[in-house]
Amino acid sequence: MKGWKIACSAFFTDKVATVGAVIIIFAFLVALFAPILAPYHPNEVAEGSIRLMPPGTDGHLLGTDQQGRDILSRIIFGTQTSLISAVVPVVMAAVISIGLGIIAGFYQGVVGNIIMRIMDVFFAFPAVLLAIAIAAILGPGLLNVIIAMIIVRIPYMTRVVYTDTLQESQKEYIEAAKAFGVGRIEIMFKQILPNVLPSLIVYSTTLAGVTIVTVAGLSFIGLGVQPPEADWGRMASDGSDLLMLGHPFVTFFPGIAILILSFAFSMIGDGLRNALDPYERSKVKKEKVNAKKAMVA
Amino acid sequence: MIQAVRKKEAFLNVTNLMTKIHTPEGSMTVLDHINLSIDKGDIMAIVGESGSGKSMTIHSILQMITKNLLDSYAGEIEVEGKSILDIGEKEMQQIRGKKISLVAQNAMTSLDPSYRVGKQIIEIILDKTNLSKREAIEKALYLLEEMGIDEAKRVFQSYPHQLSGGLRQRVVIAMSLACDPDLIIADEPTSALDPSVQLQVLELFKKINRDLGTAILIITHDFGVVARIAESVAVMYAGQIVEQGKTSEVIYNPQHPYTNSLLNCIPDLDWIFLDGVGKKPLFQIKGEPPNLMNLSSGCRFANRCHMAKDICRSKLPELKKVHSPDLNHLVRCLLTERRESYAK
Amino acid sequence: MTRFFINRILSTIPVLLGVTIFVFLLIQLIPGDPAKSILGGDATAEAVESLREEMGLNESMIVQYTSWMGQLLQGDLGYSHTLHTPITEELLPRFLNSMILTVASLLICVVLGVVLGLISALRKGSILDKASMGVALIGASMPVFWIALMLMWLFSLEMGLFPVSGMYNMRSPGGWMDLLHHLILPAFATATVSLAVIARLTRSTIIDTLQKDYVKYFQSFGLSKSKINIVHVLRNSLPPIINISGMQVGYLMGGALFSEVVFNWPGIGQALYVAVTSNDYPTIQAGILLIAITFVIVNLIVDLLNVWLSPKLQDSIKSNAG
């Protein structure tokens, strides 16, 4: 397990990645303890509150929305749906993609071809539009948005697993294992999977960040979480009419929340890429040394 | 320090050159008191293992060490009597290519894959000279023909990946001659080539030297190459010159143990002259060159030298003349010094 | 070479066929009766039945698909029961408007992205580099609709520099200057995310290319840095930049939907938004089909462009063919 230790220390020496990890852990805690942390009920108008109080008003740090609900409380509760809609689709899609990608990469020929040609069809659609189309057909609601996001992410992740599997299965130790009569299933899961996993984890983390942004977009269209449930994308889009009336903060704060969470995921993704890839890391180091040697030679 | 005796028409003079570069551990002296002198029409070689400072010497002469790597230069580099160490980048660009040009080490990767070979040669001609485009094309074709390329026009029209390694090497040599430089520096020009092509390329260098009068400085690790082409040679080890002199002198009367070891590394010296197959068993120099950040006070070769005495580990020898018909035969070895003084 | 081009063009046919099948099957995913969903809950049974008949929902799937395909090939995208118009008539002018927006944002993100990436790469490690790459990272994490709303608030509502909505001034529709004036904000809103992606990729590609032997070799001839950077570094960095830009066209078409909605741009995205909110399934179908076909064609062009730009690739194709 020494490799993990090295990866961990590499990850945490990366300041940017550490900041990202801290933000995500913080977000999970906020989501978990939302009822305790939030000063008000997210969907109800507190006594004495009026509509569209500006940020900094006594008792309403980020102000109130068009119905007089506390924006901070709604953002705190919105953390829950945002994290769910970021993590669940990506994890589900990853699990399905591992199966599809490894099978396609390992059984090249007919099976692999069919799987990858189907994926090609999905690549013809811009991801956001595909998600919108599927979610629109399935109808509004968080669950349908999650299903749509799973379908949209599968082709991208399958391709990552597929190319890694192809590379891995051409290596000598796999040939050797085959020659020794090790079962195919065993090779797939005991030999190939562990080698494919790191890059998929890196990719998933980055995709989680993108997914938050996409889901916010679906909420803007009116798909996804339905009112009065607190949801960042919905809050930001509900505030759009209020822009004209000079109340930008109703839109501004939820957008910033989306930005921070999504940014944190991509920071972790970047950090993981550098940390989980000892080969890449040593290659970078080696190249630096070689460059220096070349200059000295 | 000892200065090489100058001939007439000196072209390049390097005097007591010290180059320091930045490393994570601090400033490192990679070149230590280098003295070289190349006259017009000379063919000279610098020999050494990788890490000995050969390439650093060229990069210092052309001042091409990356800004954030370079710490400082000291000493003097003169081209045609004029110091170039403190001239500006603009003036230096007039020297690069026009006065001194480089023959790329790896012809495979040193040509731009996106342009035809001819276009790359005339790009340099047009940039550095006042020739018209038509004259530039003519000149490029002439140079390619001079390089012994039969189908110069076809090569001119080809992309780099369409040419064989030998042809590419010739193209790179032609490129280095694009602006009629007085000196071309070739860094390991043959190490990436097949043995048969190696010989052709070396012959080509000789021809260039003979026909165009271009001085040539060859950087190599292979004494075989030196013996074939160079009139004089400098042997480098760990950032210092340890022996220099006329090629025949250095090869047949090597004074430094390191030179000796390098000579033993070629299969058989006769191979070079008889084109035969080597018979002697290959010799390897044991151990690693010293870390330049962490040098002892003694001779830098001492830990690998099979003749090393106690004094070698405590006192750094200086580059001194040896008793030899060649007045410029210099050696940096305490043992040779001692032997010489006994002989007297 | 021609054979390669023809083969590559033909290779899009199975993908396009797959796209139509998928888009066709989308309707089958509708929970319950599509006709009922379109007409709403309070429609009479007869009305639903007659719409089922009209849409061919009572036929077998294969019959439905072939007749739908037949119509498609004649340029008929179907009929919108919500708007009561043929979809082709409704979407085609909108498609052109969307293309104006997409091309404008493509220009913005490619030009600015490459310039930003180039400067960052050449001044690697400088404050400028760190700042622009930081901004690029943040830019990639923002929802397009939110960028659009914020740009609208800042530049239209607060500063009054640009119009809030539409393509032309309603009262006195001007020429292309008027169009440009209306175009700038939605185009920038659409371009931001892709701009960030292109800038980051350009930076890393240029840094890689700067390390190449041939760049150093040309430097050894005393050619000026700026000349080498343009002639050799930029030229050899083009293929990956073009690749990513082609991929960005998809994101731009997706992002355009949001800016169209925010800025009331009469494009295909806005029509899709209306269709989604009114359960107008045939329009959704037609809209994403049009966009997918466009995207497939863009990818084809990018591929061919890359072959055209790489002499090495051309030769390997030639030798494979021969």
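A, B and C are the chain letters, set down in written order, and residue numbers restart from 1 in every chain.
One rule holds for everything that comes next: a contact is a pair of C-beta atoms (placed from the backbone, for glycine too) under 8 Å apart; a residue touches a chain by one contact, two chains touch by 3 or more.
Predicted, not measured: the structure shown is a model, and the values here were computed from it.
Compared on C-beta pairs in contact, B-C and A-C come out with A-C as the pair having more.
Using the average of C-alpha coordinates as each chain's centre, B ends up farthest from chain A. Centre to centre, using the average C-alpha position, chain B and chain C are separated by 55 Å. Distance between chain centres (mean CA atoms), chain A to chain C: 22 Å. Of all residues in chain C, none touches two or more other chains. On the chain C side of its complex with chain B, the touching residues are 212-214, 216-224, 227, 231-232, 235-236, 309-312, 315.
Against chain C, the residues of chain B that register as touching in their complex are 62, 64, 92-98, 101-102, 104-106, 109-115, 123-124, 127-128, 159, 161-162, 172, 175, 178-179. Chain A contributes residues 117-118, 120-122, 124-130, 132-134, 136-139, 209, 213, 216-217, 220-223, 233, 236-237, 239-240, 243-244, 246, 248, 251-252, 255, 258-259, 262-263, 266-267, 291 to its touches with chain C in the complex. Every residue of chain C that touches chain A in the complex is listed here, in rising order: 14-16, 18-19, 21-22, 26-27, 29-31, 137-138, 140-146, 149-150, 152-153, 157, 164, 211, 250-251, 253-255, 257-258, 261-262, 272-273, 275-277, 281, 284, 288, 291-292, 295-296, 299.
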